[in-house]
Every structure is written in structure tokens, then in C-alpha cells.
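There are two complexes below, and they share chain A, which is joined by chain B in the first and by chain C in the second.
Let's turn to the complex of A and B:
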């Protein structure tokens, strides 16, 4: 049986953004996709949630300073 | 700012080809000698005048210019045999591993190469670093066992640092390597880029040197000593070595000497060329000067803290600065700095002459560089230089002062000496945080030291045991405005490090306020007047005042606070206002109701009142309060009187007996433990060996013994004891320090264990072998006051040494860690939208610190202080 890493308490909540959400995000920060922090396509969480290259993943995690903090990451293929 | 005339489009790094080296060379160098008997440079020697000139009077034979104008010109040495360039040895190794020795092709088939070509394009398109890509290509190619093109078997290549390559154990000469590399550049052509080599500017075989460029004399000037002797630069020495060996190699080879001798000389040449580039190459001994000092060759000129980059390009010496010893002055404000007259006369502020200030400036210039102050004044500023509108700099002297003043016209710049109120930057190394460099206002004072207020010692981490500090005078209006708004001391009362006050009262200020406000001390009217006037209070004073009332007078209006003081002992149930130690501070409407003022109220790092005032009323009011409270503290301690001496640690006979008994008890307990251990009756702690259990138990007993003696001692040291007052108020020292002085010093440890190293099975020959008792393992039962026995002293030194080594190691290690952090983070910036981004706009954090809170404006790291808000609401504000 495979272990569901998404249920582990140290793995924060990840979700893939929809097309509209992506556009809104890029507009609010006035950035291009490449200016986002990245995560690898081979990242265990990326695999678990079925992210594709070019997807943007929203990460919601607990923060000692702010209670809850939200970050976004661009999924990229492995860099040679 | 004037716009840049030229814009750098791109920079390309490449290799120098032998042809290029010869072409840019002014002359070939053949003789290792430098000067002839008359001291004139020898032709085709290392100091040939075609390479530029360093002596005044001579003209360069290449460009015809004199000393300062001739930039110098390169020469060259023709090497008899090729040698490997150390800087490229690793690159060469990679190429040798990845290519075929027979045909020079990459050991990859067409399909693989095609794949890599495509991937390369992609990497370039993304604008990413291609060096990691090359590593991948080499990794892939070196897997092959046979060349896919000519079928030649691939032999394993080994690399012996720094410059030796072996093919299946056979040592390759640099010539062989060069031939191989020639084949590679022939066969690969444009595909060289896959190996991270730009074929347009570099060919692999150029990494094996056949010609060596000789840098101009201007980069390696010789120095003439007082005795008239010439001393050559290290680089020149090294070049002499290279030429000598090169000559011998050539002669021997031409004369047909045995292969062995030629190879030895060849290797020697390789050594000299290697150390010429980098004299710290691992694997070979550094070349040394006759005196035994290692030579400073090319890499050493650039590398490290004293190298060209860190000490000449990233950092530079500056004008308009001064450095001298610091000393305290409690009478100046925290915003001020005392500058000695001698320093003030040397440092200047530029003032532009306009029609509006022309007359004023004329009067100023007329004073000359060393004006005599009028009666009753210690100092007035003069003028050192005047810069005329045409840019000429005129030195003002007593003789020409009137003439220069009369000729003064709008557009000129007068360099006025420092005067009171000028803004300067003040700094103490190590500059670990931004409070290490703050702006102060000048106060010109007599004598020779910089004076600073004691309350700014904590941010600078300064004391007066010989510390020196630097001062920089700002030279433009913008700089002064920026410094005044952002860098003034009062702007840094709250630290961004922990969101609390970092500037505040220290030592005697705290003792003074403590003595003043402890319990219900009463003061006569004239004492109260003396203290309050010293603190700058102007107003009514009642006939008999309590210390708390006096302190209340200097508090700004509208303060309501409630907190536990430093003197709080942490009772199980807090009695609040009825605290028997007077350690519960209540301030209502700026009146100190209960509680004593100590470190927690006004101290640097802790000061609650300072923090509160800064947040509520701003920096200006806080500065005023700090200035006042420190003065009040000093006035109070002077009127009440305070002293501490060795008799503060005296304890009565009975207490000493008690301590002795306690120590005896501990020693007996330890003997019991040892006995139990020897008889195997000791109960083992889970996860520990029996020995470890014993050690832990003993450590616990010794630790308790020290605490108990401390308790006994402090029972006899009351609040009438100066040392206790200092410890309890947080002014200086701790109760632990006191109990070590009066009670017993306690167990000494090295690496967290009782002292066990020394002789075989014992620490010192004073003890029996295998003695596990307290004394034999570093328990110091004497107090500092009583004095240590010789063995105790020795153990104490062992523990002390460890402490010293630890601090030394810690500072160097944390310094390097910080350097690495600074280099990694220096370009990251907080943008207006609250995101943290790199210079290219890549997002690092979506909200600064995840909560967007400025730590300096936070309350000890938190965005709001809920308790404080509740209390404010309660008070109806």
C-alpha cells in the first residue's frame, strides 16, 4: 500500500490553480509566470496532486508569525 | 548625476591564444637579469623599458610617455616546452574524459549529441548557467568504453592534482595533452559549446601554455630601499625563476641531454609556472622567498580579505573621516558626539557660495585655517580650502586668507571646518547590525578623544577600555538630510532585531534609579532639587519628596503601565501591588505608584518605559526621557552614595560553617555513590552505561551543592549590600557571580564533563589513580574570596581555557556564516506591494515575513500587544 503523503502533518495543503485564478494571480502581483518560486515536477507532492509542467500550485501552510501563509509555486520540469 | 557615456552591452570571457600573446607583446624576454651595474634596465630583461617605466625621468620605449602616463605594456616568454595552465587543469580533465584520443570526437553517438544540442539551445534560451550542462555532457560521455566513430578503445584518465594527467597509469606530458586537445578542437568545432567552451574565443589547446605573457613593470614595481638596494616584486622573482629554468631546459634539450634530465627540468618549469599563477595550489609546496615567506603571486593578489576584490574594489579608504579612542560623557545627549578640536580642524563641510551668503563666507574665509576664538569661547570653525568656480583648489593659509576672501565669488565652494550641530556618521567595528553606524550631531570639545553618551554603548557594543571609533563627515545636502531622517541615534531606540529598546540606561544609571525608587525612601528638598535640576526638570519641588515622586517628575504625561520589575523573584502567587520586594511596577497617569525602577524599566534591551514612550510619543520624547533618566540616575547615586568592595562578599562565621557542612555533605554523598558503583549497587539510568550514570549523579550532587552554598551565602547578603543591589537591579553582575565569590565556585567542566584528562587514570599526580572523588575531578569547593588551592586553580584554568577557545571559535565561525548570508541576501528587497523580490523581480516571499510586520515597529516581534490595548481601553482612552 502506498502512503498518502498529503495526509502527513508536515506536508502543507497544496492545490492547483485554475486558469482564471492564474490570470488573477499574475495580475495582482504584476508578474510573469517565471518570476514565481518554483517546484519540480518530480516533487513528491506535485506527483501526488497530479500537477503538470506550467501549472501553478497554491500552498497554504501554518506560519509562526502570521497564523496562515499562502505561497504560489510554478511547476517546472527538471533542469538538466 | 551625469548620464553614462557608454553602456556595457555584454562581457565575453575567452582564452588568450599564443598568437595573441605574441602580438600584444612589446618584447620577448630572454634574460633573467633585471638591471645592469649602472642600475639601468637590461634590454630583453624583465625590466625592459619597452614594458613601461617606473622610474621618474625615463621614457617608455613603446609609447614614449613618462612614469605616470605610460600604462605599461605586456612582454612574453617563449616556453621551451609546453606546460599546463593550473587554472584550467580541471577543464582539461573533463575534456580528456569526454573525448577520444585518436579522433578527438565526443564519446557520444549522433543521436545523443543531437539531443544535447537541443537541450543546450533550451538552456541558453532560458538564460541559465551552462556550466552545469557541460558537467552533464561530460558525465554521459565518460561512460563510453569505445569511441563510436573510430572504434578506438577509451582508456581511463586519471588526474593527479594539480597538473598531472595519466592515461591508464601512463603519465602524459603536456605536449601529449596539447596534441590531444588540438584534435578535439579540430573534431568538435562548434560542438565545443556543449563542453561550455565558446569556440569563437577559446580553443582547448590554448589551455596548455606555449607562450607566457609577462605583465608590465607597472604591475610589479620594484622598490628602492633606503640603503639604495633594489627589492623586486614577488611576481618579478617568480618570472626570473621561470626564465632561468626555461633557459636550462632549452640548453639541455638542444644539447641532447638524457631524457630523464629534460623531464626533470620540464617538471620544474611546470612547478614554477603553476606557482606563478597560484602559490597556494594544493598538492605542491608553495614557492618561498629567501626569508622563508611564501611568495604572493597572481591568485594571491586577487583572493581573500586582503585581495584586490575585497580590499580595493568592494572596499576603499575614504576621505573626510577620523578615528580615535572613545571615552564617556554623560553630559551630552545621546544624539551628539564629542569631537576633539584637532579633529574638527581637519574635517570639513563644503558650503556653496551664493549671493545670499557671500558676505558671511568672506568673513569665514578671513578667519583662516586656525582662527583664534574670542574670549569665553573654546573653538570657532575656520576654512581649510576654497574651491574656486573654475575647479581650482586653493589652500587657505593665515597669510593668504584675506586675499582669498576678497576674491571669493558666488559659485565657489568653501570647505568649512566642523562646528557644533553638523551631522556626522559614527561607527564602531564590527558593524554587525545597522545600529553599528548611526548619525550624531557634532559637539566640538577639548582633548583628544571622541566623546559619546553612555546610553549608546549597547548598540555599538562599545566600552572604554581602549576602543576606537570612526567618524565620517557627510559632504552633500541629500546625504545630510537622509542621515538626519533615517540614521540619527534617536531613530534607532527601538531595535529591528527584537522590537524593543536597544538604547537605554546602563550600570550606574540603573543602580541610581534603583536606590532612588526602592521602597519609600524620602529625600530632603535640597537633595530633590539637586537631582531634578540635574535631570533637566524645571518646575515646583515639594518640601519632602519620596524617591518615587522624584522619578515621576521626569516621566512624560500620559503614561499608564503595569509590569514586573527585574527585581521580581517569581513568587508562586504574585501579590501585585503588595509585593514585599517592591518589584511590581504600577505607573498611573505618569505617577510611579509602586515598584522599583530597575533594568526592566529603563535598561538597554529591556526598558519597558523607554519602549512605551517611543511607541506612544515618538523618538524625540524618548530621547529626551533617556537623556533625563540617565542624568537623574547619576545624580541620585551621587547624592545617596554607593561603593562596592571585596568586603561586600564577607559572610558571617556561622554561614561559612554552614557552607562547609553543605560541602562535606555533598562529598559524603559522592563517596556513597562511588561506593555503590564499586559494589555494583548503583541503579542504572535507562540508556546510559553504569559509568555515565555515576558521572551524571555526581554532576547533579555537585551542581546542587553549589546552588545550596549560594543560597546560604545570599541569605546573609541583604539589600544593604552594594553587590546585591547591582545584581538584583540588573545593573551589573548576577547572583551566581556573587555566590561564586562568597560561597563556592563549584564543579569545573571540560566538554560538559567533569575534568578527567591529564595523567594515566588521574587528573594530577596529587591524587590516587582511579580516584573518582569530588576534589580529584575538578570540584572547586573554595570561593573566589577565600582563594583557590593549587589543584583547584589548575582545574579552574582548564575550564576557563575551554571558555576562551569557544568564544574565539564562535566569533570566527559566525562571522563567516554572516558573510555568506549577506552575500546571498544583499540584493533582495521589499517592494511596495509587500512582496520580497530579487533584482530581476522574482518573488521570494509573497508577504514580508509572512505577516508583513516591520519588526522595528512590532511589539517584541508581535504585531500588537493585546494586554496593552486592553489596559488602554480600561483607562478609557
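Let's turn to the complex of A and C:
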């Protein structure tokens, strides 16, 4: 059946942020949720980790320039 | 069958008469030069060692092999232990560095911290740790990009300039023999335009478990995915006088592809509006409506009938890399191939970026874009810093889908009318904007250049203002 896509070499580590973590993030960068990069609700990884619309996903990437880099994506239903 | 000549020769070599006679019972001198230690030991026992010594042969028996292996294992274990020790020491240094960073409220990228820890540990500079870290922080901060730096412009030029040195050659075979892959500038254009189907889709299928090391098993998988049509494994004749199509299976070809008659018949039965007669060495297919057009249609369908394989995979080639077998395919069907047993689902990739997006998500697609673009440039011998490509990939995937850089994507979604008009289809944009009464806020670069104002990057990112309240405090 469907294997675990989160184990693939190309897919970095994804995790859903809790409400307090979200608030801390928005406060640190002084931004609104909508200003973050996005991820579709229908994205295979969003489905795999059970993200809902409006969640913010923290992505820990292996970066060739910095070693490890952290990115955030807001889960949206569709692109308007 | 002890030959006297053998016995004498062995005695001359230094063996005792008894031993020589014993050995000569089983072997001649020429055979002795080739026989293995184990076999000789079986026949004559422990004396085999002496025989080998006198003959000047090296004993590659099981014992010696075991000895050699034990030494190797010990050596490996020692190396591993040393590595572990080093890692623990490096970690303590790393923790110290992180402690200093925390108290100074500064940041260094993890890759830099790791490298510092490694160098400090290997060169025993623990006493200078604090100075080293502080210098590193200073250098890092000096090298940081400033806010409002025109990084997009720099990235565009850094990729575009080597682009002018790239050739338009597309016929050059890349890497794997026989499989044709688009290279160079056309490939880069495909990637940046986010084309839904690349001109030369290709998959690199890694295998796991027993399939990985066994050539026969790897061939099994290759046969499972490569599309085999009826015309590849059988002779197909159209008998016009009798209004039928005769299929004569080629058993050798079928065996090579691991197909049996049942698979063939099952596939043939899928044809519509036909009657099938199974013969001894042939299959006859008669169309239900007896006219030439039907006969021709059936003949074409039969020739292209897929017997085995995954849709889209035209060819599969096995290659040995290191100590494992890897399958390269011409054609790509990412989703279906990943479902197969034996395929390593964590490493298999394709060069079709949309396929990766559909199966693995947006972050994987971003990584795929970076890898493909970087490799395309590297292959041409051009050295572009990867951060410029990372910026392009980030921009293309920022909204959750893969947007092309171009009229249908990022450039077409700019807020400014003048910028879009300056890019492509000038009159349409201006006309439509005028009719709607649109407003251009002049926030971007292109529109400000056209209008003649300073752009909002670099120097133009700040404005000067006077704090009137403090004016009074200024000394006259």
C-alpha cells in the first residue's frame, strides 16, 4: 500500500506547531499568518501528518549552505 | 595411479618418501599446482600443510581466511571506537560553543558550529576556544547580507550569466549509456518554466533487500516495469483472405522477459469485439464484424497490446554502482513504480518535478528543483553558488504549488500593471487596467525605474526624517 513518504530522501522533517508556538513565531517576526509561505491542504505531506487548514507546519530542512535551516508554511485549502 | 616421476619430483622438492607416495596416489605435479588447500587436506590430512610449504604455495585455506577476517574486523572495530570517542569529544566542544553563543545572544549556522568543534578538537585548541568563537561570530556578522539587498537581481544575474555559456546541444547522452536525457540550456528552461511533462523523463530506481545485490532479482524488477508489447514477443500476421490476425509467440523472447502463455492469453482476451481461438503454437484473433476496417483496427491493437510493464516506462536498464544494482528507466511513472516490491521507496527519484510534487509534496519538489537545476549547471561545467538556485526554487514553491517563472506564473502575478506590461503582452495589460480603473502603487523595481523614481531597495529602502522635538536640543 502507500509507503511512508516522510521517510523519502527528498522530504524533510515536518511538524505541526502548537497554538503557543504559533503565537511566539508570529510575535518574533512581527508578521501575520497570511504572510508566511504556504502549503496546500491536499499536499501529500499535509495529509500524512494530519494538518488542518490554518495550521502552521514547521519544516526542518538540510540546507547545503547552513547545515540545518528552519522554514514555516501555512496550510491553506486552495490558492485563490 | 602413483607415477614414479611424480614421486621422484616430490622427493626432490623435499617431501619424505612416504608422503610423496601418498600424494602421488591422488595428484600429478601439475594438478598439485592448482589444487585447493581444503581438497588436499581432505585427501591426505594435516600433511597438506607441509606439501604446500614445500611446493612454495600459499595456503588460502579456510583457517587463514578466518584469521584475515578477524584482523579486519578488529581493525574496523578499533576505527569505529576511535570515531565514537572523537564524536563525544567534539560534542562537548560543541556544547561549550553553543553555551557561549547563548550568553552572547548570537547565532552561528549549525554547519559552522560543527566545523569549529571538529577543528578545535583535532588541533587541540581548547584553551583558545572563547577567542575563536568570538572571532567566528564577528566574521559571520560581517558576511551577513544586509536587509533590502537586491538578492533577487544578484541571483538572476548569477544564473543568467553562466547561462549564456551553455550550449543548446540536446542530443548528448548524459551519464547512463543508451538513455537520452535533455541537458544544458533547454533543460534549465524546462525546470524554470515548470513544464508539466519534461521532454526526456527518466527515473533512477534504487532497489532494496535481496533485489539490491542479486542480478537476477534486479532483472526481475526491470522486466516488471519495462513495457513489453505483443509485437516484441510474438510474430503477428494479418491473414486478409481469412479475415483473421495470427499471433505466433516467440518463446525465447517470452522467456527473456519472464512472460508465460497465460499472461499472453489474458492480455489478448482484453481486446474488444473479437473472437479468440487458441491453437497449439499460435493464437487466432477474428474480428466480430468481418470487414477490412475492423481487421485493420484489430491488427493495430494487437500489435500494440501491452503484455507486461508499467505505463510510460519505455526501457529499463540495469547498472551496477558500487556493490548494488540500480535501474535507470527511459520514461517515468513515479507513483506506480514506487508501489512495487523490491523498490527502495526512500531513494528512488525521477526527473519529472511535477510527479515528485504529486507524490511527495511541495518541500520534496523544492529540493528536486534545486538538485535538477544545480546538476544541469554542474554538468555543463559551470559553477553557480547553490544559494541563487535555492532562492529561485523557494520563490517557485512559496505558495504551495509549483509556479513557473514567466507569464503564467510569478511574473504574471505581479501587482504592478506597469511591471507586467513591461514584461510581455504590453497593450493587453494596459488596456485592461485602464478599463478597470486599476491603481499602480509603484512598490516594485520595474515600475519605479520606468517612472523615474529611486527604487525601494538598497539606498531607497530608507527615508530621512527630522525629529522636530530634538531639533531644539541641537547646539547652535
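Side notes on the structure shown:
Heads up, the rule we're going with is that the second predicted complex is superposed on the first by the 79 of 80 C-alpha atoms of A that agree within 3 Å, B and C clash if a C-alpha of one lies under 4 Å from a C-alpha of the other, contacts with A are read in each partner's own complex, and residues count from 1 in each chain.
Keep in mind that, in the parts below, contacts are C-beta pairs under 8 Å (C-beta built on N, C-alpha and C of every residue); 3 or more make two chains touch, one makes a residue touch a chain.
Keep in mind that this is a model prediction, so the values were computed, not measured.
Looking at the shared chain after the overlay, A:40 reaches chain C, while chain B stays out of its contact range. When the shared chain is aligned, chain B comes close enough to touch A:70, but chain C does not.
After overlaying the two complexes on the shared chain, residue contacts for A:19 are found with neither chain B nor chain C. Which of chain B and chain C touches more residues of chain A: that partner is C. In the superposition on chain A, contact is made by A:31 with chain B only, not with chain C. Using the contact criterion defined above for the overlaid structures, shared-chain residue A:7 touches chain C, although it does not reach chain B. Shared interface residues of chain A, touching chain B in one complex and chain C in the other, are 37, 63, 65-67, 79. Chain A meets chain B in the complex at residues 29-31, 34-37, 63, 65-67, 69-72, 79-80.
Interface residues of chain B facing chain A in the complex, by the touch rule stated above, are 119, 123, 128, 132-133, 136, 833, 835, 837, 840-847, 849-853, 861. Those residues of chain A whose C-beta lies close enough to touch chain C in the complex are 3, 5, 7-12, 14, 37-40, 43-46, 59, 61, 63-68, 73, 76, 79.
Of all residues in chain C, those touching chain A in their complex are 109-112, 114, 338, 345-347, 349, 356, 358-364, 367-368, 386-387, 390, 394, 397-401.
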